[in-house]
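You will see two complexes here that share chain A, one where it goes with chain B and one where it goes with chain C.
Entry: the complex of A and B
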């Protein structure tokens, strides 16, 4: 029972972040390879302030502020650079932020992470956590599904399919990008206000490249842009990822094996969905 | 309505447009013709804001829009049909029309009321209402062109830039496109159309501008231009009758 509750928490706390990434990468075809960079900013922003002030309200407000700034920065970069250039730059920004967290030990405790992360008072047990995070995930999924099916989703598709045609209809690319990045940033905030609380630990290893590979795998395997597909794919891949823990193998073998397995799934998913994944380049 | 004043465009060492000046009055249909590479589509790109001119200005209703973004110009009333198909293939036909209506300024959207109803009427106008929920990628080339033109025309713009609207379209659909354009003229819309189909140009246009190597070579009524020696020389080289 505890294992299933654990899986539910893992899935539900990942949903907001993955769906935000799906909006950008899957629906908008924006090569944003730094979603975990925004997650780092969100998690450390929230919990450094929460611990310092002993107030979740202030922590979440600080998190919202820094996430908005980070999202606006990524949006600005996406407008300044071409698609591939932005992809490379977003990786660089993610790794830069990770390097700051790992090396600014006096503030972040570096590679040791921050232990004794406080929890919301109403989240006593794993069951409470599972219920609360599922409600948050369900509400966020519904909101993003509505946005995706509405005028904003259509504008995002139009820009991803053909930027010039979309602009000639009056679609404002900077505005659409900014809103999309802010929505993804709010998703990162929701995920990262919950996940470290569940573990009682904020650890930089949760924000490394393997985590990003998992996000990409979920979005590509679920069908880029599809909210339902991403949710289904997240559930299946989370069961696979957590289920691998039961294989009797040494952790130093299991870790790389898991990466290889997810790499293989990603390879197959990209191969099968290559038509949906990349922007359609057309000349005018 | 729309006026271009001394537009020049240089990319690298190549002069693409040289001192192009022209204007289009409200309710006028002007044809823009000329050999391939004469700068017609580039001029459209300058008017719609995708290329910034090296020199010169673009005015819409007397307002200088030279520095406005392409989306801003669209919101100010410039609509464009591109040379290639501008249909969003991942969307349904209805969504393709809706996205154009939803991109209008808020006041215009509110004034127009039910956008889905307008989208339905647009599809009905071009006989595609039975395919409303179908993905646009499944349409034939001619149907895509019709949908694109209808979408642009119904988006309430005042000035239309149509870049080869009959390219890849059957003769029957070409007539339908011509009818749509003439219908717009009746509504007082201003249209600038690039075409290679001279009979089509003669049929729908009030005036023709002939471009060659990035400059305006000739301008006049369609019949006058058609008979002119300069036009024959531009398209076929030296006039064989001389």
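Entry: the complex of A and C
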């Protein structure tokens, strides 16, 4: 039961971050490859301040501030650069932020990570975490679903389909981008206020490129832009990933096999979704 | 698409649900990096654990019970370490876990083992943070805190007062770096640079060493292969001073790659970690050459043997095994003779100064700690 609850926690703590990424990459077709860069900012912002002041309120406030700044910076970059250029730049920013965390060891403890992360007083057992993180994930999913289905979602779609014509209809691209990045940033904040608490550990190795590949797999397999599809694919892929641990095979074969299988899923998903991922621009 | 989701969900849930075990054999868990950057070390650890279990089982098992290994991939990452621990503890119901490999995955898995009163015995996590990870958390791999005291003693003996440190940006190397800086006199570190994992060209970093006045360079990467490259390029640039390494320098790979340029390199490590012993011969006969170093297999092998000794003496109850481990007499294994202190860290593993001489690692002198 605890293992099942653990998987629920891992899924629920990932939901806000993945749905935020889906809003940008899936719905907005913005080649944002640095969502884990924002996550690093969120996690270290929250817990460095929380540990220093012994106050979660101050920690979360600090996290919100730095996440807003990081999101605004990414939004600004997305407006200044072409889609491809922004993709490359967002990777560079992610790696840059990771390098800061790894090398500013007097503040972040670098590659050692920060152990004994404090927890909310009401989060003690795995069950507590499963319930609370599921509620947070459900509320956030509903909010993003409403936003996605509302005027803002339509503006984002319009900009992704044909920017000039969207602008001619009065859609303010800088404003839409800023809001979208801020929403994704809040998703990163929600995920990262819970995830290190659950592990009792904040470690930079959890914010590397493999984590981002999993995000892309979830969004592509679920159908770019679809909140429901992303939720389903996240649940399915997480259970599949951990379920594969139960295949009775030699461990030295099973480990690489799981990686190969995930590579295959990503390949098939991208192939099947290529029209949604890289749509032909509308001609009017 | 709906059919795909339904079928896949059923497959995933059925795979997740089919992990029930029986109470016949003693179930021993293992968390190591079976994939990822540290997979070579993980492969050696797995072979060492399998070798120990095969020997125990061939000799009749523990009180007539065979040991069954359930190994999980922790990938040297916190999330995977925690997931692996959750499965081993709550699904497989293992009685103890050998692992994790890295300090990060060990620290993430430790609270889960601690809450379930399941012993974790790491054969490679070196971070001083592990010391306070919990009452059920042990390791037979020395904490950096002891190792760096031995290095500092060597520097003091040799009157090396200006030290340069070159470290990989991994938790292993950074823990050692932090501990060494703490043990060296103030102002002794005159050059302290980190490099990213995967770096192979150190010429620009080492070039900057020319401008620093130093007596010794501590080469502190995560693997022997990178150490060999650092030694090679250090010699190529004709830099002065002594190169000093630790565990990852204690490998024949250094001499294989760097050739005669490895001669004269010093290192501080435990007296033996299986090199040149019958253990190494048996290991090589069964598994071929180590993927990384025989030491990782040796520490893992001894971890299993210590746990088996505890099971034999007090059974498999977590509390009883914990109490046994804290009070046990020194165990003599491949890596030497050791017991555990009140924090679950190994005591008794002494340190020696070794040297590369004619392509081989030879012991120079012991470095006793007060």
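Basically, the second predicted complex is superposed on the first by the 261 of 284 C-alpha atoms of A that agree within 3 Å, B and C clash if a C-alpha of one lies under 4 Å from a C-alpha of the other, contacts with A are read in each partner's own complex, and residues count from 1 in each chain.
To be clear about the criterion, a residue touches a chain if its C-beta (ideal position, glycine included) is under 8 Å from a C-beta of that chain, and two chains touch if they have at least 3 such contacts.
Computed from a prediction, not measured in an experiment: that's the story for all the values here.
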Between chain B and chain C, more residues of chain A are touched by C
Now for A:213: first (chain B), second (chain C), both, or neither, which partner does it touch?
neither
So, does A:4 touch the first partner chain B, the second partner chain C, both, or neither?
second
Does the superposition put A:155 against chain B (first), chain C (second), both, or neither?
first
Regarding the shared-chain residue A:112, is it in contact with chain B (first), chain C (second), both, or neither?
second
Figure out whether A:64 sits in contact with chain B (first) or chain C (second), or with both, or with neither.
neither
Touching A:261 in the superposition: chain B (first), chain C (second), both, neither?
neither
According to the stated criteria, A:91 is in contact with first (chain B), second (chain C), both, or neither; which is it?
neither
Chain A residues touching chain C - in the complex, by the definition given at the top:
1-4, 6-7, 10, 99, 102-103, 105, 110-113, 115-116, 126, 195, 198-201, 203, 205-206, 232, 236, 239-240, 242-247, 251-252, 254-256, 258-259
Going by the contact rule at the top, pick out the chain A residues touching chain B in the complex.
151, 154-155, 157-158, 161-162, 164-173, 280, 282-284
In their shared complex, at which residues does chain B touch chain A?
41, 45, 48-50, 69-72, 74-75, 79-80, 82-84, 86, 88-91, 95, 98-100, 102-105, 152, 155
Per the contact definition, I'd like the list of chain C residues that touch chain A in the complex.
5, 8-9, 11-16, 18-19, 30, 34-35, 39, 43, 46, 71-73, 76-79, 82-84, 86-87, 89-91, 102-104, 107-108, 111, 127, 129, 132-133, 169-171, 173-175, 178, 194, 196
